[in-house]
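In this document, chain identifiers A, B, C and D correspond to the written order of the chains, with residue numbering beginning at 1 in each.
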Amino acid sequence: MPIHFGGGKFDPTFIITQKATGISISYETSRQSLENFLPEGFELIEPRVSVAYNMFTEINWMHGGAYNVVDISVPVRFHGKKDQLEGMYPLVTWENQTAPILGGREQTGIPKIYADIEDLRVQRPHYIGAASSRGNTFLSLSFEETKELTGKELEAARAQHKSYNVFGWRWIPKVGGPGADLDQFIVYPQGLDLDHAFDGKGSLQWIEQTPMQYGHMHFIVNQLAAIPIKKFVSAILYNGGSRLNSVGSRVLK
Amino acid sequence: MPIHFGGGKFDPTFIITQKATGISISYETSRQSLENFLPEGFELIEPRVSVAYNMFTEINWMHGGAYNVVDISVPVRFHGKKDQLEGMYPLVTWENQTAPILGGREQTGIPKIYADIEDLRVQRPHYIGAASSRGNTFLSLSFEETKELTGKELEAARAQHKSYNVFGWRWIPKVGGPGADLDQFIVYPQGLDLDHAFDGKGSLQWIEQTPMQYGHMHFIVNQLAAIPIKKFVSAILYNGGSRLNSVGSRVLK
Amino acid sequence: MPIHFGGGKFDPTFIITQKATGISISYETSRQSLENFLPEGFELIEPRVSVAYNMFTEINWMHGGAYNVVDISVPVRFHGKKDQLEGMYPLVTWENQTAPILGGREQTGIPKIYADIEDLRVQRPHYIGAASSRGNTFLSLSFEETKELTGKELEAARAQHKSYNVFGWRWIPKVGGPGADLDQFIVYPQGLDLDHAFDGKGSLQWIEQTPMQYGHMHFIVNQLAAIPIKKFVSAILYNGGSRLNSVGSRVLK
Amino acid sequence: MPIHFGGGKFDPTFIITQKATGISISYETSRQSLENFLPEGFELIEPRVSVAYNMFTEINWMHGGAYNVVDISVPVRFHGKKDQLEGMYPLVTWENQTAPILGGREQTGIPKIYADIEDLRVQRPHYIGAASSRGNTFLSLSFEETKELTGKELEAARAQHKSYNVFGWRWIPKVGGPGADLDQFIVYPQGLDLDHAFDGKGSLQWIEQTPMQYGHMHFIVNQLAAIPIKKFVSAILYNGGSRLNSVGSRVLK
């Protein structure tokens, strides 16, 4: 939308390409605190939250544009009537540009919403990130680079990021009444080609928000802040290229 | 989306309220240049483009948030199988906050997209506005206040803004293929309670954009810039309260 | 600077005018915690910190521009060789536009620095404000309107804001060495013509910052955060017009 | 300022370090159009305007901060009583962060003012930049990469950027009257260590501004826009490290 201008035709051969620099931090939590969020059909593989803080640049479909992302996902297995798949289930994906939010929601059901997301601030070996809503920080993240990955370790990191599934829940409400006109699960294959990767120590902090501070979706931050952080289990910094095969996505069965 | 947090329940009694300060400028153009954009079922009432530049504040559903809007609409009559209605058909509605864009698109099919929209700059009796994408101005607008409306003139302006229909075209694509999963026209009744209104002289200028300047929807600006401005026919500045009965919207038949 | 373009001539008749909407909250603290900041010649009148959160609009010298301010001041008496004056001594004045920061520093020695300062968010009777640096909130402020001032109370508030002195310490460093080329105290008479004023309950919270979060002046936030808040003593919301007689400022003797 | 917090001590050993990615485009103009801007003592070496569009990141004194710059300079020779020096005389230096503007103006007289300056948008081999004021674009810049410099060409580019003088005119007004309390020329030695450099085709466009669009310094843009662009003479893209020896600056004699 708007479609009366005639743009945005479907092109089955189109692959999104972009450069990516990001930090991924994961932490262990309780099984119950995550299962509460999972719709029927999704099984939690392990009680782990992955926070990926990415800066995307040189994005082809944006004609050279750029945006930042903070994605909060959990590892799941989908049990459908036909499909049996593993992948990441995003609880929420904040982005600091509207255009990719619209595409992600309407085409693939990724739960994207807006936040101000700072470019990573770099004072080697230290990195910090911050996500905020109208001047109110709700997530602070820090990373300390300890070792560049090489050889087999780099190969392992590359293999892990090369290809994975992301699951979306596309839900478009009825007009003027409760319930949905569209309600479906979607798989969206993605991949990241790592050039460099660094191990490190990562941590993050959620900051609870009042309705007036964050706005109408404050409960999302507060529910995430209520998930206990038992232990940070991994932290990695990387850069490389990202490929998103948005037309390779399909409705799950 | 995301809906696994359990927020955003449908409430049939909810009325959006907000304060509004805006400038509305309309210009005459050729019939053909507008009819190109209208989907079947919509008849152009007159070859006129209305540009409404609004600042909304104290928005209840945003818990006190604010945003700016530039809406480009044309007056139409809808001829459905059952519905025969007059109203405004928005060609595009730019807003500078993502949250109302998402609601407007997914709930009522209003063709909202993002732009940076400055607060009106005021040096009485002069006002200017500017809309831009990534630092590239695509619309400049200016207004010179000439006379406050009072008595019957104010009553007429109030009557004109009190209640009107806005038509949306909700179009949600299929996943992984051409065509749509949802494709419907919606009527969204809106209204503005004017407190003060001022006549004035208005003008505006479209600035064509390259793909790299504006981004992937540059063609929207350029198609609007190609619509000839034959004559500015009215310009008004107003402030007041706005009521949007989003749950009063319905699919047209 | 730059002055080779020939702009910005001194005009002794020029008065800055602007509209103002603001919240002023003051709190009691220890005498020692404030006296540490005062240069010789300034005596603390009472151990009170005034935080003024202002939105200025329709600014004449900015040709209709606008900006927001968070000013942190303490009440002082200046004892000079000739001058004996009472007024407010700003510890720091954050503003969200650079142009007034430059003028304030270079012309009158007001300790202005930059911060992102949100427009007040209004959900009557509640108001909140936030100041942040690169996505990191360092000051949160809230206000609840309890009563509009009328009659004698309004007159008292008007009298209090009508005219007051602000003291600046203009300090311009030597080039390539320690010490200053200019080091002087300045008095800058200001005034606010209140239209409406409201009593209320106010509070605020300082949030300590790391160097990477705030940047090189993080110590300012942290020193302010270390000042104990013993008791909030007043909170007022107002709107009106502001007059700043910048050419009426003079070096103190 | 503010200095009562005790920060910002002079450190003679401090060297600013940062990463830089930039585009430099120069054009030939008429001698007269540039000589108008030069204060007495400065001789124009050739009638050439250099526009440098830089993105600085990982800045040490900003604890990992970043900012963008658009600098407009001309090549000059300074004839003082003692000093005879060649270097670049900046007509204006726009930056998108206030902190470096304050330091540059007050410590070294560089004519820095604020603008919104976009990150370079990259769709190889194309790059664009834009500078704007309150949503009003005043400078558009584009570059097309044609050839990476290697061997002797790269060595030549490196030698040219390795070390050069920048001249500032520090002018601090009197308080409450015409004229200056400080009025002096300063030389500030700077250098850029190029890692990679690319030749290309560059162009740029100035867009005239009304006072309400740009604000009180609109005349700067308009005077620059009035300088004729006879011919673009060079365009280069580079990245590398930048060293600014701010304590190596000194007053010219």
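To be clear about the criterion, a contact is a pair of C-beta atoms (placed from the backbone, for glycine too) under 8 Å apart; a residue touches a chain by one contact, two chains touch by 3 or more.
Model, not experiment: these values are computed from the prediction.
In this entry, chain B maps onto chain C through a rotation of 180 degrees when their C-alpha atoms are superposed, rounded to the nearest 5. At the interface between chain B and chain D, two copies of one sequence, more than half of the residue numbers in use appear on both sides, so the contact is built from largely the same positions.
Computed from the mean C-alpha positions, the centre of chain A lies at a distance of 38 Å from the centre of chain D. Between the CA-based centres of chain A and chain B the separation comes to 31 Å, rounded to the whole angstrom. Looking at chain D, one finds that residues 63-65, 121, 123, 126, 128, 134, 212 touch two or more other chains. Those residues of chain A that touch chain B in the shared complex are 1-10, 12, 37-39, 61-65, 90-92, 97-99, 101-102, 105-114, 134, 169-173, 175-179, 181-182, 184, 186, 211-212, 215-220, 223, 247-251.
Listed in rising order, the residues of chain A touching chain C in the complex are 116-118, 121, 123, 126, 128, 130-132, 134-137, 140, 142, 210, 212-213. Against chain D, in their complex, chain A makes its touches with residues 57-58, 60, 63-66, 119, 121-124, 126-128.
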